[in-house]
Every structure is written in structure tokens, then in C-alpha cells.
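Worksheet for the structure shown next.
We just call them A, B and C in the order they show up, numbering each chain from 1.
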Amino acid sequence: MALVNRSLVTIDDLSNGEIEALFSLADEMTDSMSEQFTLCQGKVLASLFFEPSTRTRLSFETAMHRLGGSVVSVADAKATSLAKGESIADMARVVGSYADIIVIRHPWEGAAKVVADYAGVPVINAGDGGHEHPTQTLCDLYTIVKERQAIRGLRIALWGDLKHGRTVHSLAYALARFGATILFHPGQGLEMPEHVIRKLTTEYGGELRRFEAVDAGGGGLFPLDAIYMTPSQPHQLAMMPDVSVQVELEMGVDALYVTRLQQERLSDNADDEGVKESYPVVDKKLLNEKEFERTMVMHPLPRVGELAYDLDADPRSMYFKQAARGVPVRMALIALLLGVKEVSSPEEDDWKHDYPVYCGGLGVRCRNPKCVSIQDTEVKYIKHQFQIVGNQPLTLRCIYCEHEIYPPYIASSDWHDGTLESKKYHSANSHWARDIKPENLIAFDTRDEAESHGFKPSHFVRNNC
Amino acid sequence: MALVNRSLVTIDDLSNGEIEALFSLADEMTDSMSEQFTLCQGKVLASLFFEPSTRTRLSFETAMHRLGGSVVSVADAKATSLAKGESIADMARVVGSYADIIVIRHPWEGAAKVVADYAGVPVINAGDGGHEHPTQTLCDLYTIVKERQAIRGLRIALWGDLKHGRTVHSLAYALARFGATILFHPGQGLEMPEHVIRKLTTEYGGELRRFEAVDAGGGGLFPLDAIYMTPSQPHQLAMMPDVSVQVELEMGVDALYVTRLQQERLSDNADDEGVKESYPVVDKKLLNEKEFERTMVMHPLPRVGELAYDLDADPRSMYFKQAARGVPVRMALIALLLGVKEVSSPEEDDWKHDYPVYCGGLGVRCRNPKCVSIQDTEVKYIKHQFQIVGNQPLTLRCIYCEHEIYPPYIASSDWHDGTLESKKYHSANSHWARDIKPENLIAFDTRDEAESHGFKPSHFVRNNC
Amino acid sequence: MALVNRSLVTIDDLSNGEIEALFSLADEMTDSMSEQFTLCQGKVLASLFFEPSTRTRLSFETAMHRLGGSVVSVADAKATSLAKGESIADMARVVGSYADIIVIRHPWEGAAKVVADYAGVPVINAGDGGHEHPTQTLCDLYTIVKERQAIRGLRIALWGDLKHGRTVHSLAYALARFGATILFHPGQGLEMPEHVIRKLTTEYGGELRRFEAVDAGGGGLFPLDAIYMTPSQPHQLAMMPDVSVQVELEMGVDALYVTRLQQERLSDNADDEGVKESYPVVDKKLLNEKEFERTMVMHPLPRVGELAYDLDADPRSMYFKQAARGVPVRMALIALLLGVKEVSSPEEDDWKHDYPVYCGGLGVRCRNPKCVSIQDTEVKYIKHQFQIVGNQPLTLRCIYCEHEIYPPYIASSDWHDGTLESKKYHSANSHWARDIKPENLIAFDTRDEAESHGFKPSHFVRNNC
């Protein structure tokens, strides 16, 4: 499938084959960086940044300039018509009628999808709240590939703020798809969100094993919270007692991916002080441990205190290389989406799922307060939609922010004979969750909601009141 | 007259013929958009936005890039030397010595004229407070012309915030000039300002008829506050009783131009809540009325609540087309002002007036608090000037913001024999207002002011004390 | 020495010969401005402005565009990753891996040097706090040279805020190097800082004479605080009684360089009101004095109240010409640093000093609160270094902000036999300041500090307790 005119909202919008083809083109860009300045001549990229950024914005804009294209730029949310109460969809339609391609960063999760839905031109997600940041993931993967040739079988540790760090979410998905083993070491209270874990295990088929006691890191081993292994290896994991995991780890960590504490996304709790104090720090001393002998130290930057300056001159440090590679990777991506370069069409990946879609007819809404779909300016036009990713219990994944909800009551729009008597609602835990056809499904958050639409409780619901 | 090196501060800076020629060039730009990227190579446009904007700024910058030119940009008033107390004139002279053309948006009314006076390069007004926004008007007119071939004789309704909406001021002038009938439906307390109405009727020669009772919109007809007809039709208006106007309207509205409530320009009055609640909303239901059967729905965007999303897919909706056409229209304008394209020189319009100018010698100042001419940083150098647009009573129109003042007292600088005894001042309502030659006119706001300059009251003034 | 790949942090980074060669290239740029737009094709300039600016930023960006290059721009400190706590060094490394050249303005003094140390590409200082603004100085010098052919022997008066005005610091150094006589007329309490005066006299070898009584400006002569004469003339100064200085001045002032009061850098003292009121104003009346008959009036802009608008049309006014010349001067500079143009290599200047460097081992830190080296985000990696510019008393000049400190105690790291008994510390006023080799020098701010590192007081220190 050609990449021209497509958008990149989540890393899953690209197949493994497409990512590999993109990396080949990035190599080409690196090798002849100064000769590309006519490739996008006459094309305009709109760079819309509604959250602070230096590196990502400048990296995209530099990439477009090195391709010979032009850039129009919004670097401050307050100076735009969004400040006048305009919706994202309107903004997308207008900017899409000016520019040939749009790059968007926005604090609302799912905002990039809305822009992609309405712009009419290719859209690249440069970070939407805590959701995804797929081009950072491309730079991360590209760095691993350049240094280690392949990703399959590598042991990659993710450290720090795994809760708010959108870069580690996208990265974890991609690592799972490419067959890496992932070692989780979150800061205190900063574990991977449940929906990310679920997506990892249900979508890409791997397995997760949590540890309670090992995270103290006794015996010189590095602290660990959980381990994820991809489909090719789960049998190993199943057979592996906690101690053996440590033995496995002694074989060495291939990459240590450190993230900063996203303080701007913390609440104002008293506990936050504890979070900051216990946040893991990576420094020269830690890197002296045997399992880090050949470890690449990676970081999406900016760093604050979690990555010591004494590592900067260490040959294992990759973070400035990661940043520098952002330009050729983004050049390749822009060139492909604009169709000025093409890659041969690799086949689709087998991990892709086609979940049925629930259109949220009678009231169920995403519960993520940062989801684009529930914001005041957006509710007027947005289509509330969810992927039905599980039915025991019924699990709906918002198509915008990918957070999951579990509505407790369900009904069918295809009731018997169309008579009111047969309009019953059921518990979402009951067999009905499997039996109602997705196209007929209606979900409710409360009994009142169901009854206000004329539905009556089924026997089961009544008996469990 | 060639357009090269001229500025566009108000829509009246272009003749009807020039506007039509510009539209032909915009057609050309649309047809071969991707082939223009060498036209302005080596030229630099300075894009100075001292008020929030996405679409206008990005539209201008995209236009310059599509012409192959470069852009330097200011998108935030606070980050500039104006924050250090610099005058607009100084800023204009400096930026004019860097760039080949300047686009300016500023909250002060008349600011664009000051920039044009001092920059030494062509200047385009991208909105100066509540005054004008002529390129928006060009996009509006261009859309009407593209959809209906000509403007003369069309019935165009202006809805919403007619008070603060600078786009509707510029548009009303242009519609009058091109011979359209204008139907006014303002929000509560948001009527067209008096000076705009006066300019419409005195400058372009049409006639205005107000309605008291019809605005309730009985009988399915759309609400109406006033109607304006251009010189070709005023006899119709004169002969037309209120009821016939309704009959006329039943023939259908050609365009419904909706504007958003400019909340940022409202005062903090308690009444404002009422203004918001009673603000007219245009939606699918309204458009079902017979008189809107073939109506183009137009809006300068951004919209807030006054234009429903259910119209977006309606073929009568023109607002996204309006926005998209901003790029070719602005490409054409920039190309003409920079002289890289030329149009044949059409003759001057006959509606242009050459009013005598009053230079404000002894103290009369514009009373518009948002006029550039009375701001602290500008008074040090500004030339206070007014067009003498009426003399019964004496009516002075500020050359910067076009607001009007009516100074109550006048005198002549050419007093008899140059003796103090003959230095008299008169009521501005007296015959003297006609008799004193404009070049000798002195106006005063108060008797004290007149007397402090050594003038004594005339018989008439004394008798009316 | 070729200019390619070098940085411009202070005006002293360029030799006199290099400045003259750069001016020749600026002439060339002026003469064929519109033909340079392929020179930097494919190159990217990063324009990083962390303080308000219009003219400097737009001037640099225009210069790059006129050379055919591209620009990525940061115009607002709050919208960047520095807001997330990132260090300047990290930012420099990342942006340096994207762009071919960096222009930086930052409120911290010495910030540009840090960027130059870490970026790996040429860096141009566009103003670092109150420290330097070397390209403004180039524009100033270029204007003088264009109008008077040479600088040597000219009498140039510096007026106004000589304390905070970074432009007058850089300019004073350059004027001294090129052999001009400098006349100082500071606003009340706004005298040249001591470290600037010291650098003028010790570095460039001229002499300064202060006046107590002459500043009243009796007899129509212009007010004066001090006069500086370069090495070629100091004998004149030595022989000149106060009265003769006035006679000398009657020969006329060649340039009057006026600066605005940098209110944003004033403290909130009550005295500040007095500062504002007594601030000198340059206007047409002053310029009527005989000694200003042929005086160029110069100003780095923006002006506020210190330079009257009635001078704008005066042929002696140079300030708008200064601004306009910023573009060709910066074009020449960028072209040379990027190596797309070359100048023949003039010999080094003889005024350059090679001071020994003190590396601040055991605790001495710069005391300038605005110095980059002591900021929270920077201390983690910064190398505290000082030039040893004097030893009676010991005078250390911070290599970042060039402020000077005078640590009262010193010791040698090369103590006798390495035994603790011989670890003595001495007064920095004693002969030891000369005797200890620079590479062995240790300086202390307090006795406690010295003793906490195991040093004991010498006889002299003990006796003076």
C-alpha cells in the first residue's frame, strides 16, 4: 500500500514493512542530506504546535526545509483562533485548504485523529496529550536499528514515567510488534496505564509477567517491575520462574530507554514530592553494572535530573544521536506522505485487528477528561465511536484517545417485534454481551440512562439490584 | 493605475475595476497554483500579527510561499519591541527597510495606515481593530463572484455582530459599490455603527430604510432591521412600503453572511449576557425557509455557536470555500503590489470623493479610544487629520480610524486684518461652517479651548450661552 | 584566519582586519542584494530568541532569506523545552544537530558562549543579557565607516544607559580597538560598569579621564562624565587639563550614540523615578549647538523618549540607516561563517591578550546573578572558568559573562612535599598572588572555605585577623 496521502496518527498506522522501508529512505536522506533541497519545492507544511516544544517542532520544520519545501508555523496556542473558541475540526479544514501537509501537537488526546479526519491532506501526529508521539518512536526504532541492525530478540528496558510519557506508549507498541522483550521499571506510581498493557497483550499477542519482590534490585541486578515478551517467546516466559528471569537479565540489557518525569501532567498531590524523590536516576555508576556493559542509553529529551551529564561522553549514550536522526527520519516520512518519494509496497502485517465499531448512539461517552471527544468546543460535531475490543466484560476503546470504558448495561436496537415490552436491557457481564450483534449494540453507563430511553431491566438485572 | 508599490489599507484603496482585475489573476493562480513558486523568489514578506490569528496569518504566509517568496513573522505582540514602548511608525520604518512588503494586524484602529505611511514598501491591512479587514472582503466578494458571476442586484443579508465585526464593515462598503442590496439583521445592541451607515449613504450614494416592526419575522419571513439599496435602485426603495419590502424579500436571499459575536471586544456589562443569549443562530432548519432556497451561507470564520455544524455538508455552505480562496486571492494581491504581475489599468471609479482635509491644528482629536492617533506611544509624532465630510453640522472623519466627530465651535485662521478684535469663534451649526474655507478652518471641542487660544465668542454663541 | 565554522560571541572574536573584510562583503551584498538568493540554498539557520525582539530577529531572518537559506525560529521562551527545565547545553547540542548555524538571544549573560561551546555549528550572539550584542556593534561601526570612511581619531559620544546597555559595551570595546576617542555621558546612576572600564584600559591600552565638575555643561558645551583616549593619543590626555578637554570638544563631536533606558533591567527602587526624570534627551534644539554641527545621531533602537521625533528628517540622523544596514551586514556575517563566501586572511591584532585561565576547582563561582554559569539548570555540567586578568589584587574575569571577582584568599595546589603541614592559604593581596603559578592557583571566597579544604592560614593572614 502506498504511503502517499495517508496520515500518521498512531505508530500502528504504519506496518512493520512500511517502517522498514521508511528507514531505508532515511538512510538515503542521511547520505545525501544537502542534495534534497528541490524535492518538495513549492510544497507547504503547516506546523501547528499547541503545546511547548523546541526539538520536535524545529526538527519537522528543518526536515521540510531540507527537502526544499516551505513552512507555516503556529508555536503558541494563545495566539490562535482556537483562543476564540474555534473547534479543531474547523481549524483542520481551513489549514488543510492552505497547506499540503499538516504536523500537529495538541494537549488533547485524540486531537491528531480529528485533524486527520477533517483536513483533507496528510496529517502527522507530533504528540497528542499522553496518547501517542509516533515520529519520536520512529526515531527511537531507527536508532536501535542503526546500532543493532535488528530489533527482534533485543532486551529493551523502559525507565521512569511510563504513565504520562506518550513516547514510551508508542514505543512499547512498536517494540512488541518488532519482537523485542520489554523490561518495565516505572517510577513510583508511574506504571504503564492499564489500557496500554491490555493493548500490548491482546493486540500484539505477547505476554506480560509482573514482579512484586524483584524491584529492590538486590544482587547488583537492575530493578524491574514487569517483563513483556512477544509471541515468538511467550513459552519461555510461561516456563520461567522469577529467578530465571534474573538469569535471563544477566545476559545483558540492549537498551535502557529513560524518560523524564512529566511534571506538567502531575496533579498537585502531596504525594508528588515522593514521586520526584524516588524517581530513578541513570548515571555512570549504574552503567558500570555488568548487565549494562553493552547497553545503549536512550532518552527522548529533554532531560531534567534523571539522566546524568557524566554519561554524555560515554560511547553507549545514544540520546543526542536519537535527536539528530529526527531530521532524516522526518524527511523520509514527509517525502512519502507527499508522494515525492515512493517505497515498494510491503504486505500488511498479521497483527492488525479489525474490531467492530460501536457508534455510541444513546449516550456512552469517553471518560478520559483529556480526550478530544468530550471537550466543549468539539462535542457539537464529534462522532463518538468505540472499538469493541472485548465482551467479557464489554470493553469499548475510544477511537480517539484509545482509553477504555466498561459500560455496565447493554441492550439491542433490534428488539423483538419492535414492541416496547421487548425493550430490555441487560448486564454487560451477561451472555448478551456476546450475543447482541455489534451493529445492534447499545451501551449504558447507568440504569437510569437505560430506562430514560424506554428500556426495562431484564430478569438478571432485576435480580441483582 | 498600476497596483505596484501601492498599499491596501481599506477596501476603498482599490477601484471596482482593480478588484475585478485582481479576481482574474486569482483565477489564474488557482488554475496553476503549483507553478507559481518562482514568481517572488528572493522577495521577503514581513507578517506582523499583533492580535491572535490562525487563518489570516497562515493564509498570507502560505500565499507568499506558493509564490516562491520568503516570510519573516511576528505572531505575538508581547514578544516584540512594541512591548518596549516603541511607536508603530518606528517599527514600520525599520521593518520596511528589511522586507519588500508588509502584512499587519493590530488592535488599534488606523494602525495599518500609519504603517503604510512610514514603511516605504507596500502594506496590506490584515485587520486593524474594529476598522477594516479588506482582504477578507476580497475573499468574500471573490466567492460571490465565483458562485454567481456578478454582484450587482444580488440580495445579501448581513447577520450578527455588525457593530464590532470589521469584516462586515469592509464588506458592506464593497457591496454598496458593486450595486448589491444589503439586508441588515444585527444581534441585539450590535447594530452597524453610525459612521459606517453614513459612509454607505453619503459616499456610495445609496439609501437606507430602517424597520421597527418587521424584525419579529412573522409569517416565516426572515428577521430584518434595515435594508440598503444602491444608487441604481433607490427609487424602488422610496416607493416601497414596508409590506412591499417583504414581498421583495420573498424573491429570495442570495447570500446570508453570518458573523460571530466578537466577545473579546464586548465590555463587561451585565447586558452582555442578554446579547449572547439573543444572538441569531443559522442552522439547517432556518435554511429550510423558502427565501433561503438558493442562499449561499457565508462566514468569515472562526465560528462559535452562530452557525450550526449541520450545515457543513449542505451545498449552499460556502464558508470553507471562502477560506480556501484566501490563498489565491492573496497570491494575486501580493504579486500585484510587488509588481511581479500587472493588470491593465482600468479607469477610476466615479464614487470616489475628494474631501477637503482638516489638519487639527489647535487641539481637536479623534474621540475613538481605540484610534491609533491618540495612543501614548503615537501622539509624539502623529499628524491629526480629518476629512471634512459634512458641514451641517460640521462633521470630521478621522483619516486613521474613520470615526467621526462633531466639534461644536469653529473659527477661521484668516481673521480680518489680523487684529485680535476680529478673532471670533462661532457655533459649528451656524452658516460659518459653510463659509470658512477648509484651509482656514479651526475647530474646538469646548468654549474654553477656543478662548484659551485668544478667540472670543461671536454674537450668536454669546446669545446662546 | 578563515571565518568559516567560527562563532561570534563577543566583538573581540573578530580582529579589526576581519571586521574590515566583513564590511567589504557587506558593501557587495548591498550592491547586489537581489542576486544573492542562491548563495545559501539548502542551508538552515536556527533563530532562537528567548527575549523580546523585533528588529534583531527579523533582521537576521531576512538576511538568511535574502541569501536563499531557510529559517527555523523560536520567538518565545515560554513555548520551548527550556520551560521544561532543559539546560542550554542540551538545547544547543540538539539544535546544532538540526541546523547549519544558530543565532541566539538569551537573558542570561554568557548564554551565547555556552551555545557556541556545545552546538558544533557556528553560533552568533544576538544579545546575552547585559553582556554583549556584537552584530549591533557591527552595524554601528559599519554606519560610521560608511559615513566617515574611517574610525580612527573620531570623537564619539555615548549617551544614556551605559550601565545596562549591552550595545554600548560591545561598541565601546570596538571603538577603543579602532582608535576612536570616546566621550561618556551616562544618565544618573547609569555609568559604565567597572569591568567594562577596566577592560577598556587594560585590554586595549588606552586611558580614561573622569570629570567631576564639567557635567553641568556650562557655556553651551555638552555634558560629559569621562573621556577615553586610545593608545595613540594618551599622551595628549595626560597633558590635558580639564579646560583643554573642553577646547578639544569644541572641535566637534563626530557621532552622538544615544541609548534608551533599559527599564526592564532596572530594580524597583524609589530612586528609579529620578533616573527616568533626569535621563538625557537628544532633540533638534541640542543639535543646534556648534559642536554638533556635523554630528551623526545614532541609536540602536527601539527609542522611547530619549530621542525626539523632530530629528527624524534631519540629515544628521543615522538611526534608520543603522537599522537598514543590519541586513547586508548580517548577510555578510552568515555567508562568512557558513563558508559560502571567504575573505583573505588578515593578520591577528596586536591588542589580543592571552590570559592564563583559572578553572575554579574548589569553589569560587561567578557572583553575577545573571551569569549563565550559576543558574540552576546549568550548574550540573558547567565548567567554572576565569581569566586571571590581574594579580594585585587577584582579579578573575568569568569567561562567560566577563564580570570580575576578587577572591580574598589564595593557595597553591603545589604545596611543599605534599604534606598537610605545608597547606597554607594566603591573602590575595600578598606577593603570593604573583608567585603562585596560574596552573597551581586555588582561590577562596572565605577563610572557612579555605579551611574546610584543609588549608591553614599563613602568618600574614593570621596576623591580620
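In this text, a contact is a pair of C-beta atoms (placed from the backbone, for glycine too) under 8 Å apart; a residue touches a chain by one contact, two chains touch by 3 or more.
Remember, it's a predicted structure, so these values are computed and weren't measured experimentally.
In the Cα superposition of chain A onto chain B, the rotation angle, rounded to steps of 5, is 120 degrees. At the chain B-chain C interface, residue numbers used by both copies make up under half of all numbers present, so the two copies contact each other through mostly different positions.
Mean C-alpha positions place chain B and chain C at a centre distance of 48 Å.
Annotation for chain B: residues touching 2 or more other chains are 71, 73, 75-76. Residues 41-42, 44, 46, 70-76, 78-86, 90-91, 93-95, 97-99, 380-381 of chain C touch chain A in their complex. Chain C meets chain B in the complex at residues 34, 36-37, 49, 52-55, 57-59, 61-62, 65-66, 68, 71, 73, 75-76, 260, 264, 301-304, 309, 312, 320, 323-324, 326-327.
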